[in-house]
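Both complexes below contain chain A, partnered by chain B and then by chain C.
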Partner chain A sequence: MLGLPPDIWTSIRLTIELATLTTIILLIVGTLIAWWLARSKAWWKEGVASVVALPLVLPPTVLGFYLLVTLGPNGPGSWIAGLWGARTLAFTFEGLVFGSVVYSMPFMVQPIRNAFQAMGDRPLEVAATLRASPMKAFWTVAVPLARPGFLTGAVLGFAHTVGEFGIVLMIGGNIPGQTKVLSVAIYDYVETSQWREASILAAGMVVFAFIVILSMTLIEKRFARAGR
Partner chain B sequence: MKTIKTWAFLALFAATPALAGETNVAVAANFTDAAKEIATAFKAKSGHDAILSFGSSGQLYTQITQDAPFQILLSADAERPQKLVEDGLGVADSRFTYAIGKLVLWSKSADLVKGEETLKANGFTKLSIANPTAAPYGAAAIETLKALNLYDTLQPKIVQGNSIAQAFQFIDSANAELGFIALSQLAGNNGGSRWLVPQNLYTPIRQDAVLLKKAASNPAATEFLSFLKGAEGRAIIEKFGYAF
Partner chain C sequence: MIEVRFKGVLGGFTLDAAFEVPSRGVTGLFGPSGSGKTSVLRAIAGLQRLEGYCAVAGDVWQDGRSFRPTHKRPVGYVFQEASLFPHLSVKGNLLYGFTRSAVGFDETVELLGLSRLLERAPANLSGGERQRVAIGRALLSDPKLLLMDEPLSALDRQTKDEILPFLERLHASLALPVLYVSHDIAEVERLADHLVLMQAGRVIASGPLGQLQSDPTLPLALSRDAAVSLGAVVEAYDPAYGLASLRVDGGLFLAPSPPVAIGSARRLRIFAGDVSLVRERPSQTTIVNILAVRILSATESGQHEITAVLGLGDGSGARLLTRVTRRSWDLLELAEGIELYAQVKGAALVPG
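For the complex of A and B:
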């Protein structure tokens, strides 16, 4: 297709798989954290919020370093890879998913938390007076009201995972079909002077990023109008 | 008091040679430790600073073709310096072989690597090598596996570092159980287990240096190359396990 070498398609498919799986996991884990952050009265919750937001500030190399060493086979966190029977987080698709979930977490949690907070206590109180169980109120009241937050979070989480580079470079090991995602493939092409392949992929990423940002803006506009 | 200060000031200046210059050297990752030691010795002797940048030979070559501010390339192969001369970027008669590299199979576990039978036994999950398109030691590793008729079997277990430095780090951090690296990376390290790959299994890794045209008139650059060629440079290079 398009005269591109087949390994480019492998990288594209892999990147989409990684971003999709990461987004799904983030939608579950991120929603739980966002809900707790929005509703809890615990005095230390902003500490938790800050930990979740750490990847916004930390260079990916810090996370890459911890994944390799602290969570490596000889590190104290080696049990994490053992959860799915692997020896190490490095060089595996699962390892990349784990890293991506941590790395993209703030992009999912922040918009959802904001959406939960913006809706206030009132809708849930009303639901409670109508004898809805907390679980039912969550699904039928909170989630629909927070829809823009979920959409923003999902788009950002997905896009940010597609754009991830530093961690994959550090723990990936460049395995086609497993860890050689698009950003690393581009790097590889550039490093070995394969400009044609690099420019095709790079242009594709620019188009992708443009579509993401444009659709985000349009989504927000639509919800802003609907809210009025 | 004032005079003491003036004298101290003058003494400070007198201590550094009159024409201390500097040169930017792009160094293939396998030569990292040797290059650092050479730069220190070179500074002590000439007063010039050699500012070192490390990467895979392929990476450094690409950067040089894109006008990176390097004045010398210490490559891990002979092809890339040759290509730089053909590209019109390198000084033709400045090319020389500064070292011949040795490939080694290494593991951090003391009893894992016993020889080629370790590769045949296949009792590991990940084999680390350097990216063969960018790093000559990676290409030599692939060549070795093919010569042993093991490439097809072991190919799914190969993980690639960007440069031989990352390939080493993957093993050193125990994320890969073993891998092919440069013997020079094990200088002063007796740990783990190793197998020096016999030379008949891969093309000799002839590491060439080349002076880049834009630095042809920089004495710090030309002196660095002479130092590398000279007895002191060679002694250091030999210490790191290279041949000539």
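For the complex of A and C:
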């Protein structure tokens, strides 16, 4: 198809799988963290927020280094991997998912936290005076009101996972069908002077990034118009 | 009974408020801005955690040991801003807390005039419509106590006048007790049966509205726009002159009014400034209402002014207030206990 070698298609499929799985996990974990950050009155919560935001400023290699230590045969990742009989999480798809969740966390948490904070206490107070339990209020009021935040977070989380490179290189290696995602594949093609394949992939990523940014802008515009 | 005792420090000022009011009718929680009215209301709803005690009709919502969270307290709460859920239609908002309740959905929609709005989004409603939806939403959650936090103060004069009749109808048709916070005495005088006066975080008085209005030791009776609200029953209506005869305890008033049903209960509001005193019953005057009264008490309300409390008839009837100058007081040789006549210039029937 398109005259591309089949291993490109493997990389594309792998990338989409990784990004989708990461986004789903992030929607659950990130929402819990964002909710806690938005609602808690604990004095140390900004400390937690800063830890969550670390991947924004840390070089991916630093993050990758620590992830490698954590996931490797001598870290806690090894006994998790032991649950299904493996020796390590490093250089596996599961390890890559874990790394991506950590790396993309701030892109999910920030917009959702902002959305929870922007709606204020009032809607939840109203729900409580209408006999809604905190759980019901969360699902029927907080989540629908924070919908733009969820959309932004999901799109950003997905896109950043697709685009991550440094961490993949550190903890994923370059195993076709396992950890060889698109960004690494491009690097690989350049290294081996396969310029045609590299430029096709690079152009594809540019188009992808453009679509992501455009759709984000359109989503935000739509919600702004729907207005409160 | 609604029993409330709260204590706490709120952003630099101390709240120490306690009152007991009947769990029937409308109780106005009245006081200047920043006197802690809203905090008390929020604490009753459990939205704000204050130390203390709160029980409604024998059901303890909070005491030293237990604190029932808001969603387990059978309250309805109407906030200053309507605070409708923007992602739900009017109908969705109304049904959010709906349980098979004492008031039916259709009746409530009817009572508040919402039938044409049901499918609309909150963003497309006027301020008055929104607040009516918020009131309906609170009623439909089947509360045992309705808490209203200045529900009209964010609205303009005209919209207020559009909503007040709804509130009065509510008052007339539902047995639900209401705590109504306001800093606008006119609203309170129209709606409340009972009054809790607050100042700087404390309750300075609590009792039936008429009693507090005519208590010369309270700031209410001595204020510039002091007035009394009298419960009245329509005895007759004269369509030729457009005057209703209204029986109050110890006297009969005539007041201009659109046609009203004989036997219906209404409320009269009489300002202290509209009441003057005469020793002899005048024979020819344009003033319609001249009633026998006895002076019950007199208090200086300004440098050269006296506010007197009058009892209708032999003094045992309903109370009126009057404000007279010290000069007139001395010229007429007035004193407590004297029987004479009150001329009431404007006996205004509270619209409704």
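Here, the second predicted complex is superposed on the first by the 213 of 228 C-alpha atoms of A that agree within 3 Å, B and C clash if a C-alpha of one lies under 4 Å from a C-alpha of the other, contacts with A are read in each partner's own complex, and residues count from 1 in each chain.
Keep this in mind: a residue touches a chain if its C-beta (ideal position, glycine included) is under 8 Å from a C-beta of that chain, and two chains touch if they have at least 3 such contacts.
Keep in mind it's a predicted model, so treat the numbers as computed, not measured.
Chemist: Which partner chains sit in contact with A:P123 here, chain B, chain C, both or neither? Use first/second/both/neither.
Modeler: Second partner only.
Chemist: Go through the superposed model and pick first if A:S133 touches only chain B, second if only chain C, both, or neither.
Modeler: second
Chemist: Does the superposition put A:T88 against chain B (first), chain C (second), both, or neither?
Modeler: It touches chain B, and chain C stays clear.
Chemist: Based on the superposed arrangement, let me know which partner A:K41 touches: chain B (first), chain C (second), both, or neither?
Modeler: After superposing on A, A:K41 lies clear of both chain B and chain C.
Chemist: Could you list which residues of chain A make contact with chain B in one structure and with chain C in the other?
Modeler: After superposing on chain A, no chain A residue contacts both chain B and chain C.
Chemist: Which residues, counting only chain C, touch chain A once they are in their complex?
Modeler: Spelled out, the residues of chain C in touch with chain A are 45-47, 69-72, 74-77, 79, 81, 83, 85-87, 96-97, 99, 123, 137-138, 141.
Chemist: Taking the complex as given, what residues does chain A use to touch chain B?
Modeler: 68-69, 72-74, 87-88, 90-91, 169, 171, 173-175, 188, 190-193
Chemist: Spell out the residues on chain A that touch chain C in their complex, using ranges where they run on.
Modeler: Within the complex, chain A touches chain C at residues 122-123, 125-134, 137, 140-141, 144-145, 147, 227-228.
Chemist: If we count contacts the way the header does, which residues on chain B are in touch with chain A in the complex?
Modeler: 56, 58-59, 61-62, 65, 125-126, 128, 131, 133-134, 158-162, 169-170, 173-176
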